[in-house]
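The following pair of complexes shares a single chain, chain A, combined with chain B in the former and chain C in the latter.
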Partner chain A sequence: MTGRLAGTVIFAAVLSFAFGLPLISGADPVSQSLMKSLQPPSADGWLGYDHLGRSMSARMAAALRLSLSIALVTLVTTALIGVALGALASWRGGWIDRALVLFADSVVALPALLIVLIAGLILPNQPLAFWAGLSATLWVEIFRLTRATIRSQIASPAVEAAQLLGFGPLYIFRTHLWPELAPVLRATLALTFAAVVMGIAALGFVSVGVRAPTPELGLMMVELLPYWREAPWALLQPVIATLATLLALTLIAGGAKA
Partner chain B sequence: MIATLARPLGWRLAQAWMVAILVGVLSFLMMSALPGDMIFRIAAARFGYDNVTAENAELVRAQIGDPSDLSAFFDWIAGLFRGDLGRSLVTGEAVSAEIAHQLGATAQLAGIAIVLSLVIGPPLGLLAGLRPGSVLDRATVLMASVFKATPQFLLGLVLIVAVSIGMGLLPAAGHGELRHMILPGLTLALGLAANTTRITREAVVQARGSDWWRFARWKGMTEPQVVRRHGLRHVAVPVLTLIAAQFVALMEGVVVVETIFGWPGIGHALVHAVFHRDVPMVQGTALVMGLAFVLVNALADVAARLLDPREATR
Partner chain C sequence: MTVLHAETLTVTSGQGTMVAPISLAIEPGQCVTLIGETGSGKSLFAQAILGTLSKDLSASGGLRIAGQDVALDDPQALAGLWGKVISVLPQEPWRALDPLMRARQQVAEVHALVTGQANPEAAAQADLAALDLDEAADRYPFELSGGMAQRLAIAAARAGGARIVVADEPTKGLDIARRDEVARRLKSVTRDGGALLTITHDLDLAEALGGEILVLRNGRLVERGPAAQVLRCPSESYTAELVAAQPRNWPDKPAAQAGAPVLTARGLSVARGGRRLIDGMDLSLRAGEVVGLCGPSGVGKSSLGDTLLGITAPAAGTVLRGAGLARERFQKLWQDPPAAFAPKLSLGRALKDLMSLHRIPADRLPPLLEKLRLEPALLDRRPDAVSGGELQRLSIVRALLLDPVLLFADEPTSRLDPLTQQQVMRLLTDLARTKGIAVLLVSHDPGLIAKATDRQIALSLETAPDEVASATGIGTGRRARS
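So, the complex of A and B:
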């Protein structure tokens, strides 16, 4: 329980930094000023300036906004697909169920980063590719969980009685199935969110993700790596932000299970 | 024994087919969605960006045909039956030959990662699970969740900065010698070990609470004896299944880790193929990774049945 609370607090802090900073500071994340190159944190630039003299605080907030927004949209998409297909599979059973499980099992065989790379070739812009590629792979875990949970519930006397009373599938899902499903899903949703943040950063780090000069956590790490001796504080910022976000989400997920 | 294996193996076969079809469809989408004239891109990759002329492009077109055609998709599927994955658009070599070459380097890396993760994970999990609540147990669980939350590229970065730049002990990049393998192998292994530790610990804790464990203790066996004669086999089944399921995470890690450490394997090749829009290479790599996952899981199915024959009667 304390773990989940700590996770929520860290996550809220990351969120309020990412979305709150533009409200109080007008710094542009891509405007350069070589005079300020690698200037350490000071009163007018709280997090200092990077090698091209861009405001680190503005870049960090923009990078986090990008990752968190893509993660949120992806989370909603995967949850919708996963729950809908999971409910369909367990409800209808038979060959629909088997076909969906086979499809899910096959999607899982392909690494998610690979799908994102392929999506990056198919779709015109990078955030869209992250959304499509990660949604296309991450729904599977939610689908499996939904299917397993609903399967056991559908045979329960409560659902049977509701069906006999003539209630429609939507009503039954809302009143009987969803309350059982929601707590089970929370851990998986937190981990899915973490997987998106991690995936975006990983691809940025190997230079096949978001393109410069767009601020992105993984890309910033690569950009700042050559300056690790002169400005370790700059390199540490994206590293700490990524770790804090992922740790917070893991804590939220872990707290739900224990 | 054979009959009980038929069902899961049949499922794996269906899965393998589905993977091939998925890769085929994705590759076709890739082909048709690529912006600009494919032929000019390939010409650029072959002759260099300064030498792209209409004559060079026509030369390429005459050699490989138009790759964004629907027939390319069916040709690829038909080629699968002959074990032919097509030719790389950039080097002109057969994709299967290129992949076979790179697969060796990747298998080396993946093998080292799995061995290292097995040396670290299960023993720690076993020790922690035998003394739940102890300092060692709590430290192990904490470390496992920290490493689970750490992305592999970050772990690689920390290892490079700390071990090769900071201490100057091991090289950050290179291939061929044992000292080149340690850092990338360890990067992959620590992530994997975080999961195997946790699963082993849970399995041991669960086993210690079971009737058969208490009975074995009651009839006079010491704890190490129970672990050796009953515990290990019991724990091996979930750990084995987990390792097989983690194979896809391993492949994903390979893509990242090979790029960071400059390891000439399949993940490195994939990133390059994506850069050069070399679709046959991308689809070949994707297919090999997907099918390897199916194969590893099929083997794990068989091994799990051998370790725990009770499954067959359920």
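So, the complex of A and C:
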């Protein structure tokens, strides 16, 4: 329980930094000032300035906003697709079930990052590509979990009773299936969120993700890597932010099981 | 010499006394049976003697086993006696076997580890031969029949040479044939000069074992005496109630006046998991009659009922509901009442949802609750906070709200106490008579089937289903093989 509490606190801190900073500071994440290049943290620039003299605090907040927003939208999409298909497969059974399982298995067989890269080539902008590509791969986990959990529930006398009493599928899902499914899904959703944040950073780090000058955690790590000797504090910032976000989500996921 | 002597043995918890002082003595070759409903404290008493009480309970009083005083507050003192002096026959013994160990090894292990025999394999073989298991010595538990697995468990439990055997609900979940076998095996303990302490709510088993009977209720001793006397002419009203609650002692129900057929099946075949269980069966259920559905486990009783209700599709043939009867008027009662309700929904909420779904006026519920003697306050609770009997009555209320014409009752009372079982069954037969509901009743208890049903449909594994007209002669005695 303490692990989950700690995770929630860290995540809340990351969120309030990302979304609260623009409210108190008007710094532009892309405006350059070479005079300030690699200036260490000070009173007017709390987190210092990068090699092009851009405000690190504004860039960090913008990068986190980007990652967290894409992750949130992706999470909602994957959850909807996964739960809907999982419920459909376990409810109808038969060939629908077999076809969906086969489809899910084929999606897993493709490398997730490859699908994201393909989406990046097809779709007009990068956040949209992340959303589409990651949603297309990450729903499988939720689909499998939903299918397995609901399967055992559907055969239970309680669901049989509800069907005999004339209740429709929506009522049965809401009162019988969802209360069993929600606690099981919580951990997976937290880990899926983490996977999205991680995926965006990884693509940025190998320079196939978001294009400069848009601030993004992985991209910032690459940009600041050549200056690690002069400004290790600058390189450490996106690393720590990524680490803190992933740690918080993992703690939340782990706590749900205990 | 007294083998087991308990003096004013008391079990207490933080809240108070769980089992009031009870004394008993068992001589070699004697047996004592504790009977009572769930929660009567009979299992706690046995756990105190075995030293397996949970940590928040404590036992006091005196205990002498084989002439030696045993400290009740020291679990280690009793643990040293397990296997050698006192042994336990577990509930559902076939579950106590190691699934990955051959039969001989299960017994030889006890000889080797508990008694330190020089040749455990030979001793085990002798034990198995004594129980007619010698040809099964090299088989795994899953290769044994239920009865053989049970004998094997008994052999393993007794291999340590313990003279005191404690059997906790040894017939739980058994059908009649197996129950008699267990009774015979248990009696062999006393024949060999052992002492037997049995805990059960099965009065037939208690009678078969004989010896002394102690009747417990709410942790207090109600009555004690020789088995024949206690069960034949009980002196306490509670014991008399328990005896009267045995299905074969039930009063006869009023004769059936069967009405129009509510459900007819023609050429019905039922399959489950690819195996055809029932082939080409014709049957018809009429309003107001109670029909028993019997047969051994796995013969397809529940599958047949589910097919008739339309939960599963028939493999062949047709099921016709009476003209103008909606699907919701064919309802089912489940064996395990808590499993038939949404666990996280209050009972009142569940009933309210049902009533708004079918536009049932709210004033229909209170009279039904009253008729089934249910407190309205129960509706605020969740299914796990209500007793099994109350919950089964609530599921009857739930079905009655839909004006059922057929109730398929799948062992509706097998998890209930005898007194509650009698109440629920009487209620069901009354409803059949007064409301003209057809009841299809599955049960393993021939006594219950005989008393509660008008006619029976017997399913057997080899032959086609036979429809048997009972003494009241409502059935038409059709043969049902195509």
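We adopt the following convention: the second predicted complex is superposed on the first by the 258 of 258 C-alpha atoms of A that agree within 3 Å, B and C clash if a C-alpha of one lies under 4 Å from a C-alpha of the other, contacts with A are read in each partner's own complex, and residues count from 1 in each chain.
In this section, a residue touches a chain if its C-beta (ideal position, glycine included) is under 8 Å from a C-beta of that chain, and two chains touch if they have at least 3 such contacts.
Owing to the predicted nature of the structure, the values given are computational and were not obtained by experimental measurement.
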item: Partners on chain A (chain B, chain C) - clash or fit; value: fit
item: Touched partner set for A:Thr175, first chain B, second chain C, both or neither; value: second
item: Touching partner for A:Leu236 - first (chain B), second (chain C), both, neither; value: neither
item: Touched partner set for A:Val206, first chain B, second chain C, both or neither; value: first
item: Of chain C and chain B, partner touching more chain A residues; value: B
item: Contacts of A:Pro157 with chain B and chain C, given as first, second, both or neither; value: second
item: Which of chain B and chain C A:Trp228 touches, first, second, both or neither; value: first
item: Partner chain in contact with A:Phe167 - chain B first, chain C second, else both or neither; value: second
item: Which superposed partner A:Leu247 touches (first chain B, second chain C, both, neither); value: first
item: Where chain B and chain C come nearest after superposition, their Cα distance in Å; value: 7
item: On chain A, positions contacted by chain B and by chain C; value: none
item: Chain B residues touching chain A - in the complex, by the definition given at the top; value: 11, 14-15, 18-19, 22-23, 26-27, 29-30, 33-35, 145-146, 148-154, 157, 161, 165, 248-249, 251-252, 255-256, 259-260, 270-271, 274-275, 277, 279, 282, 285-286, 289-291, 293-294
item: Residues on chain A engaged by chain C in the complex (per definition of touch); value: 156-158, 160-167, 171, 175-176, 179
item: Contact footprint of chain B on chain A as seen in their complex; value: 102-103, 105-115, 117-118, 120-124, 194, 198, 201-202, 205-208, 218, 221, 225, 228, 239, 242-243, 246-247, 249-250, 254
item: In the complex, chain C residues that touch chain A; value: 309, 311, 327-328, 330-332, 334, 336, 339-345, 350, 353-354, 357-358, 395, 398, 402
